[in-house]
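Should a chain be cited, it is by its letter among A, B and C, assigned in written order, with residues numbered from 1 in that chain.
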Amino acid sequence: MKRIPDQLIRLSVPFLFIILALLIIKQFVTPETFGDLGHYRAAAIEDISSIEPHYAGFQACLDCHEDIMEVQQGSYHRNISCEVCHEPSLEHVNDPTEHLPPAPRERGFCPLCHNYLDARPTGFPQIITMTHNPGKPCINCHDPHDPTPPHVPGDCAACHRQIARTKMVSHHVDIQCTECHDTPEEHMINPRLSRAMKPADREFCGGCHAEDAQKSVTNLRIDIDTHGGVYVCWECHYPHLPEAPEGGAPE
Amino acid sequence: MSADHLAETVDRLESVLEQVVGFIYPNEIELQWSLLIVIYPYITGLVAGAFILASLEKIMNVKEVTPTYRLSLLTALAFLIVAPLPLLAHLGHIERAHEIFFTPNLSSAMAMFGFVYAWYLAAVLLLEIWFEYRKDMILWSREESGLKKWFYRCLALFSTDISDEAVAFDHKAARVITMIGIPSAFILHGYVGFIFGSIKANPWWSSVLIPIVFLASAIVSGIGMVMLLYMIITPLRYKKIDMVCLNKLAEFLLLAIIIDFSLEMLDFIHRLYEAEESIKILSQMISSKLMISLVVVQLLLGTLVPAISLAFFRFTTFPDEIRKLVYFLAGILVQVGIFSTRWNVVIGGQLFSKSLRGLTVYKMTFFGLEGLFISIILLVLPFFLLYFLIRILPPWRKAKEAGQS
Amino acid sequence: MKKGLKRREFIKKTAIALPLLSPAGIMLTDLVRTSCAWAGTGEVSGYNPLDHYYGMGIHIDRCIGCGRCAEGCKKENLVPREPFFFRTWVERYTIFSNREETEVDSPNGGINGFPELKTQQNILRAFFVPKLCNHCDNPPCVQVCPVGATFKTQDGVILVDNEYCVGCRYCIQACPYGARFLNPLTATADKCTFCYHRLVRGLRPVCVEVCPTQARVFGEIGTRSSPLVRFRRMNKISVLKSDLNTEPKVYYANLDGEVR
């Protein structure tokens, strides 16, 4: 058998020493719970779980404030958790008199939700903050726990502002929303459940736009039976702005 | 992190916010991987490239470049020692850096750093240097006295056998190690490319070609660096530059540049042709944020100009002095070009939003652990280390054996 | 405690019965049932992660972009208030009718609301998209963490171990959704945890708690009764960047194709 070269024997000494040292160090340095549940320190879950919350949650308020809750449950704000407006309140739950949750009273707060934005879904009540009773605090007229407006909104624009704005620059500006959309009273209170109607057939638009229509003054007349082939009117013409190119108006 | 650091970070990010173009995810405003992470692949690239050059002599018997063999090894070592430093400086918790060694997550390419680095340092580079220098170390220990004597004896691991048999084993071992070393060098730098190439979230990085392109540019920068060092050190030793060696180096450099350029062009053409969704924002990024660093520095100055000048001056007759000047300039340009390549990959990949709708900016600081100052020090440090290594393990000094002059 | 329990029962019954009498029953009973399911005592003991597997649903057509979720999250989890660090945020998409580029913005994550757009003309559609960590079932962030500092729990939540994270930021690069950031105070990676510290106490995540239109739905995947199960039954579901196969567990209803 060939002798192992002297170099290799000499080299193996520092190599083995280092490898051994690293293995020993590894035992000391690796945290105890590492690898218990996976390739991570299992104790981390306890660390994270033991963080104290700051928000108490909807349920916690119910225990002491049922009177306010009862009022709110029947109102438009029934789905809003108390802490949305009253800040994180777990401290208050634990020690009611020591930590009092703030109540936002300034005019700048409510518009965070209710200011008009194009991107907000249609039907969500929005106001143009600048023109809606400028200067007055919202709570003067709207109880936050039952924010029913002091009088029923006169026109649909209160909730359907984007449509109203669009219609304002069109020829249909003078047409009331209710002329085309049959709207029950209930819709003002429960909009999603009691919906307004939409016209169902071409003859409806024909009431103004057919060749022989008596109702309107427009001279935009078409043959109601053949114009547009198989499509109903609003598949090409946007009724709230029929002039716009994307509203399908002729060039 | 102190409140001061938070304040400084916020100030910096506020000025970045003003320069954002289009839409970025709110968390993307801060570039996560800074100049330090540009330096790391550049340095490991030099290591891999220098080693490949050394292996050319050993394995492929390219005798012309023998004068640079030991220099390549020492260069690789000098840069390898500095390589982990930018990574350490970048970590949020340097004191936890050992976790990569002791609890590596095997699905993570970055976790391979510990093993690949340790393997390459110990099992390849140090071993090869040891076998290459062993006989000389023993002879030097006999020449010197006092502390130096013991130093060399220690380095040689107290071996004393310089018989022909033992030296033959040294050479054979060095050959074996080089053969293992070539794929090891590929992995050392290739895994860095894989760290980027395997991120499916980032369309600039996610590509099969990135590890390959990284390697090719590493070889370019490595050969270029050794060529530059050889051209600088030799006159300092009052010796004449071996033009046969230098011409060969230039040839290999040219070959490497051609391969690197072809691979990068392949990636580029492939992207443009397929025109996936990300092409819009990436084109916008190249034409606005990366115009200078990619088109001018990386492509023009870093690739085309050196390649054309190397080809022209190598294969036409010119006096040696002109050739040396051109080679030197080409070597410098190549370094700048490859550094710029790393910049364009690392920083470029973070300048555009993953929403593919916007661009942000990289605001480099001067001071601070991730600033320009530290980066310059890290880039200069290997040369000081190299000087130190050349002093203790001189590449060209042949020890006087007993009875020889 | 008995008095409190009795009171709670009474309120529960009344609260359920009253609105059932009116046509407005559906949303209210949803809320109460949800909150009763989460009527935690606030204590951690007795929580078994193997009994749960969490996910979230988001109704795009209910989000009003008020930003209460983003703000509540910062307050609950003590995230720095500066506009560069978000565990959750709201984006606004505005699609134009004349082939102009869709505009997207998220000023301070939506916390201070959204400004009016410069271009009011030609808006075809606009909507809000809340975003957060998707707690993917095939998480690229967990795959790339070099040390094992981020992981998926047995109840499906992706968490970060603040004591172990070295701050290499690889996970932040690997997340396709921009959900992660480096917390400047701890110098470790940070992200939405589904308010895990609340889940173990039977409470809901804060973003779900404070959403005024209940656009966010939280619950269990794989059980028979959970608000999330109903959400997934009644809506066509999309997830973000499905082609990357990260298997996100945040499900969107009515998500538009323009959203990235």
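Please note the rule applied: a residue touches a chain if its C-beta (ideal position, glycine included) is under 8 Å from a C-beta of that chain, and two chains touch if they have at least 3 such contacts.
Predicted model only: the values in this text are computed from it and were never measured.
Look at the CA centroids: the one farthest from the centroid of subunit C belongs to B.
Chain nearest the geometric middle of the protein is C, using mean C-alpha positions. Annotation: 52 Å between the Cα-based centres of subunit A and subunit B. We define each chain's centre as the mean of its Cα atoms; on that basis subunit A and subunit C are separated by 12 Å. Centre to centre, using the average C-alpha position, subunit B and subunit C are separated by 44 Å.
Residue numbers of subunit B whose C-beta contacts span two or more other chains: 103, 105. Residue positions 148-149, 164 of subunit C each touch two or more of the other chains. Counting partner chains per residue, subunit A shows two or more touched chains at residues 34, 39. For subunit B in complex with subunit C, the residues that touch the partner chain are 1, 5-6, 9-10, 13, 17, 23-30, 32-33, 90-93, 96-97, 99-100, 103-105, 107-111, 113, 195, 198-202, 350, 353-357.
Residues of subunit C touching subunit B in their complex: 80, 82-86, 89, 91, 103-106, 108-109, 131, 140, 143-149, 164-170, 172-182, 184-188, 244, 260.
Only residues 31, 34, 37-41, 44-45, 47-55, 57-59, 62-63, 66, 69-70, 73-74, 77-81, 83-84, 87-88, 111-113, 115, 117-121, 124, 186, 190, 192-194, 244-246 of subunit A touch subunit C when the two sit together in their complex. Interface of subunit A with subunit B (complex): residues 5-7, 10-11, 13-15, 18, 22, 25-26, 29-30, 34, 39. Per the touch definition, subunit B reaches subunit A in the complex via residues 98, 101-103, 105, 122, 127, 130-131, 134, 157-159, 161, 166, 169-170, 173.
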